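Heads up, the next two complexes both have chain A, just with different partners, chain B and then chain C.
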Partner chain A sequence: MMDRIATEKQTARVTSPLQCWECRTALADEQENGIHFCSQCGKVQPLATKTDYFSFFGLTRKLGVDAAQLEKQFHQLSWKLHPDKFNNAGAYERDLSLERTAALNDAYRTLRDPAARTEYLLRLEEVRKEGKVKQQAPPDLLEEVFELNEHLEELRAAKRSGSDPRALDEQRHQLEKARGTFQHKLDQVLAELTNQFAAWDALLDTRPGDAAAKRTVLARMNEVLNRHSYIRNLVTNVSDELEQ
Partner chain B sequence: MAYSDKVLDHYKNPRNVGSLAKDDPNVGTGLVGAPECGDVMKLQMKINPETEVIEDAKFKTFGCGSAIASSSLATEWIKGKTLEEALTIKNTEIVKELNLPPVKIHCSVLAEDAIKAAIADYKGKQSVSTAEGATVASATAD
Partner chain C sequence: MGRIIGIDLGTTNSLVAFTDAETRQPRCLPDPQGRTLLPSVVSLDSAGAMVVGWPAWEGLLHQSQRSVYSVKRLMGRGVEDVQEELKLFPFRVAPDSQSVIKIELGEPGTAQKTLTPPEVSAFILRELKRRAEQFFGEEVTRAVITVPAYFNDAQRQATKDAGRIAGLEVERLVNEPTAASLAYGLDKHQRALIAVYDFGGGTFDISLLQLEEGLFKVLSTNGDTHLGGDDIDNLFAEKIGQEIQAQFGVKVSASPDLYQSLRRTLIAAKHELSQQDATTIRFKLEGKGEYTRALSREEFEGWIAPIVERTLGPCKRALRDAGLKPEQIDEVVLVGGSTRLPLVRRRVQELFGRKPHCELNPDEVVALGAAVQAHILEGGVTDMLLLDVTPLSLGIETMGGAVAKIIPRNATIPASASEMFTTYVDNQTGVDIQVVQGERELVKDCRSLARFTLKVPPQPAGLPRVEVKFLIDANGILSVAARDLRTGQEHTVEVKPSYGLSDDEVERMILESIEHAEVDFAATQLIGVRNDAETILRATTGALAGEQAQELSAEELRRIEAARAALQEAMGSDDHRLIRERLEELNQATHNLAELLMNTAVRAAVKGKRPDEVSL
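On to the complex of A and B.
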C-alpha cells in the first residue's frame, strides 16, 4: 500500500500558519480538512503532513462512512484534480495535482472497503504496527485454515499429475463445499465488524477523550479483523483454484 | 522485494517437510498463524521422554517464502537439542541467520511461537499421561 499520506500518528509539528503557496492567503487548518484548493486564488495545495485518508475527505475518524457520499466526493475530486486539467499549469502545480490525485485514489480505495478502512484506522491509532505489535491468530480457525490449505495443495498436485477425472471432480466438490462454508463465515465476520462501527462512532461523539474506552473498542475490532483476513484469504485462494 | 540467498535456499529445498503422528504421546504439535499475511505454520517434534532430546522435527507451512524458510530453519536448529535448549531460540536469531527484512519479522516470530507451542503441547500430553498413570496407580493400590 502506498503511504503518501500519513499512516501513523504524526508528532506535533511547530508550524507557522499554513499559507497558499501562490497568493499567501492563510489556510490555517483548512488544508488538513479536505480543502484541496486555496479559497482565495483557487490553486491546488500541497498535502499537509497531518493529512490522513479521513481528513483528506474532510471526515472525522468515524467508521460509519456513507458509501454513496464518499463515491460522489471521489468523482468530483477526481474531476477537479485530474492532471489533464493542469496541462497548461507550471511544473509545480502539475506535480501537486499528480500528488493529490494519487492520494485521492489511495484514500478512496482504503475508505470505501470496510475491512481496509478498519485496518487503516487501527494503524492510525497504533493498534497495528508491523514488527512491533504481534497480531494473534484466532486459534479455532487455524485448524480449519490448515486443512483447507492441504486440500488446495492436493488439488494442485492432482491437476499437475493429470490424475483421473473422477478424483479431480471429488476434490473440486469438496472445495466448492468449503468455499460455501467460508463465504458464509466471511459474511458473518464482516457483519460482526460493521456492528463494532457504531460503538466506535458513538465514542467519538460522546467521549472522544476516553482513551481506555477507545482502546477496548479498537482491540475488539482488531480481533475481528484478524479473523476476517484469514477467511478472506481462504475464500480468495479457493475461488482462484476453482476458477482456473 | 528480494529474498536473501538463505531464504531462497530454504524455500527451494525446505528441510524436514512433513508430519509426525499427532496422537503419539511423545510428539508435540504447534499450530500457529500470522494474520498479517494469513500464514499458517505447523511444527512437530518427536521427543525422547527419558532425555527430553528432540529426536525428530517436521513442519508444514502455508505462507510466504520467509515463513517457509523460518520454519525450515527452526526444524534444523531444534533437532538434537533438549527442550530446555530449544526454548532459548529467539526469533532475532532467525532474522539474523536468514537476513529477513523488517516487514517479514513476524515470520520469524511465528517460528519461535511454533517451537514454544509444540513444546507446550508435548508437556500437556505428558502431564495428562502422568496424571492418568497416577490415577491408575492409586486405583490399583486401593
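On to the complex of A and C.
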C-alpha cells in the first residue's frame, strides 16, 4: 500500500541555473529575482530547485497580493513562455518552455486565490501538512450544517424517487436558501482570513527573524482556513446538486 | 518543417482548413466537387477496400453493417461505457473488446475487417490529408486537430493516436469551442467575456473566455461528451419508430438498413423544422405502404426539449466556476450544427439574456479556428495566444479508495503537480499509483486514467522518498515522471493507460498504414520531382554551352557547376525532398544566367515562365 506523505508544491528541479545553459552567462539567484530568461541571450532557463510560487513572480512571502498586478504579470509571462512560442525551437528549449509555463500556471492559480495562497504559505512554512486537515464541522455551525445536509438528502431522495416537479422545486428552493446562508458565512470567513494578512506582512517587514510570533500568526490563519475549506466544500456540494 | 493544417474531426462531418500566409485568413479546403464537409463515415466495400466520406455515407443505406459513423463517440471509451448506443449502431463489436472497442465490419464469407476507433478516425484524417496534399501539391505531415473541450485524457490520446496512424504529426489538440473563438474575429483589443456554446453531432461543450489584446484566456469549461444531434436523431427515430410499429406492425430498428434510412428521412425533417413551422414526414415501407405524418415544430420541440435542457446544467456550472453571472457575458457564440435548432437559440438567448452570434457557418468555424492555431504554431501569427484549461480534475487514489485532487478542473494548461510517496512496510519494492479524472470523491466514481507501479529500492518503511510529477501538457494530455529524492535518480514510469491503445499497438498501426499511404505519396512526388530535375539539368547544360554563359564570372560558373553536380548526385537517391532542395539550389544559382537568356532573342518566348521552364 502506498502512502502519500506530503504535497511538495515547490517545483523542484535538479540543476540550479547559475549559468545560462546556452551562452554560459552567470545568472542571478532566481529565488531573489524571479528570473525566467538569460539576461544576455534571452533564452528561457530551467527552474531553480528552490523556486517557489512567490519567488516565481519575484514576490516575497507576503499575503497581500495586488490581484491586478499579478494578472498583468501572468499575461506578460504567458506571451513569452507559452509552448506555442517554442513550437519551432529545439527539443530542450521546448521542454523548458513547457515546464516553466506549467509552473507559471500553477503559481498563478495558487496565488490569485486568497485561500489557496494562504494554504500554500502554510505549507511552505510547514504549518500545514497534507492529510492532517480537519474535516470537522465548526461547533457553532453544527446545527445549521445538520439542517443543510438534511435538505440535501431530501432533494437527492426526491430526485431518485422521481417526485413531482412542484415538490422538487420546493426542495430546491429550501436548499438554495440554505446555500445563501452558507455563502454569506463563507464570505465572512474569507474576510476574517484576509484581515490577518496585514499582521503577517507586517511581521515580515519588521521582525522577519521572530519565529515564535510567526508561528502564532500562522496558527491562527490555519484555523480560519480550516473553517473556510469546510464551508466551501459544503457550498460546492450543494451547488453541484442544484445544478444537476 | 512544412506547413500545418487544421482539422475538425467531427462526429458527423470533418473538415480541413489552412491559413493563407498572405491574407492571414483561414479557409476550408473543398473536395473536387466543391464540398468542404467530409461525412465522418467509413465503410468496407465488398472487395475489401475502405471507402471514406460521401460514398460511405451513401452506402450507409444499403450496406449499413459494413459502415461506421459517429465513431467519435467511441473514441477512448471502453465497451461498458457505450452499451446503450452500441444497440443503435449497425456494426458489430468484437466479443473480445474491453478497454478498446473493436469494430467488426463485413459478414462472414465476405471481406472482413476489425478496426479500433482510432483506426477508423485515421481513415477520415488520411482523406483530409490527401485533400490538402492535392491542394498544395506537396506532402502534408503536420496538423492541429480539434477535440471537444470536455474530452478526457483517454479521448484526447485516442485522437492523437488516430493522427499518428494517419501519418500526421499532431502538433496540437485544440478544444473546439476555443478554436471557434479564434476564428470568430471578435474585436481582439477590447476586454470582453465570451461564452461559446458548442452543440454538435455528438458532443456538447460550453467554454467561457476572457479576451484581452489578443490573449484568449479560457476561464472555465464544461460539457457532456455524450450529448449531441445524434441523441436528438435517435430519440426522433424512436418516437416515429413506435408510431410506425403501431400503424404497420413493422419494427424498423430490427433492420439496420431500414433504420438508417428512417434516420436519414428524419434528419431531413429536423433540418426542415429549423427553417419552417411544420413538415410532413413520408417513409416508404416495402410492401406495406407509406407512413405519412404532419409534424409541427412545436410538437417536435416538445419531444427534444429534455435533451436541449441537459445543456443548461453545464452552462451554469461553467458560470459558477468562472465566478460569473450570465449577465456579465458580453458575447455569446454558437457553434455546431445542432445550434441551428430554433429551440436551442431561444434557450441560449434566455440563459445569457442576449442574442447569440451565429454569423459564421457553424459547421466550418471550428476547422477555421484550427487553421488559425496552426498558423500560430507556424509562427505566422504572433499577436494571438490561446490559454486553455483542463476540463476535469486530476486526482490520485489514496487510502480507502478516496481521491486526492492534485490539479483542479479549469486549471490553465500546461499544469503540473508534484506528490511525494514513500513505502508502508519494510523492504517494499513497489508503490502502486492510480490516476483518475473526475469530480467525485471516490475513485470508483471517477474515470481511471492509468495505473503504474513505482519501483523503490528495498529499505525500511517510510525511508524512500519518491517525487512523482504529473504534467498536463498544452494538449490536455497527462504524462508522469518520478524521481528518487535520496539518490536523485529519475525513474522511468511505464504508465499503462486504462482505456486506449498501447504505444506498441499504435506503432504497429502506423507501420501498416505507412505501407499504404505515405509510400504512394512519396512515389508520386519522386516521379514529379525527377521530371522537373531532368528539365532543369538539360536546360542548364544547354545554357552553359551557349554564348550568354561567357558573360558570367568564373566564380558564378563554379557555383552553377557545383549546384548542377549536386543535383545530378541527388537524382541517384529516392529522397524526393532532397532532390527538390537541390533543384531549388540550382534554380537560385542559375538565376543570373536565366536573366541573361531572357535578355536575348528568346525573351518574348520565355516571358512569364520560371527559369526551369525555359526550353532550349
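As a convention for this text, the second predicted complex is superposed on the first by the 203 of 244 C-alpha atoms of A that agree within 3 Å, B and C clash if a C-alpha of one lies under 4 Å from a C-alpha of the other, contacts with A are read in each partner's own complex, and residues count from 1 in each chain.
Assume a contact is a pair of C-beta atoms (placed from the backbone, for glycine too) under 8 Å apart; a residue touches a chain by one contact, two chains touch by 3 or more.
Small disclaimer: the values here were computed from a predicted structure and weren't measured.
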item	value
Greater chain A contact set [chain C / chain B]	C
Chain B versus chain C as contact partner of A:137, first or second or both or neither	first
Partner chain in contact with A:83 - chain B first, chain C second, else both or neither	second
Partner chain in contact with A:230 - chain B first, chain C second, else both or neither	first
First, second, both or neither for A:177, with chain B first and chain C second	neither
Partner chain(s) touched by A:239 [first = chain B, second = chain C, both, neither]	second
Doubly contacted residues of chain A, that is, touched by chain B and again by chain C	130-131
Residue ranges of chain C touching chain A (in the complex, touch as defined)	1, 171-172, 212, 215, 217, 313, 316-317, 320, 376-379, 385-387, 396, 398-399, 404, 406, 408, 411-425, 431-433, 439, 462, 465, 467, 471-474, 488
Contacting residues of chain A [partner chain B, same complex]	130-131, 134-138, 141-143, 145-146, 149-150, 153, 225-227, 229-230, 232-234
Chain C partner contacts - residues on chain A that touch it in the complex	1-12, 14, 75, 78-79, 82-85, 87-88, 98-99, 101-103, 105-106, 108-109, 130-131, 239-240, 243-244
In the complex, chain B residues that touch chain A	31-36, 38, 40, 42, 60, 62, 102-103, 105-106, 109
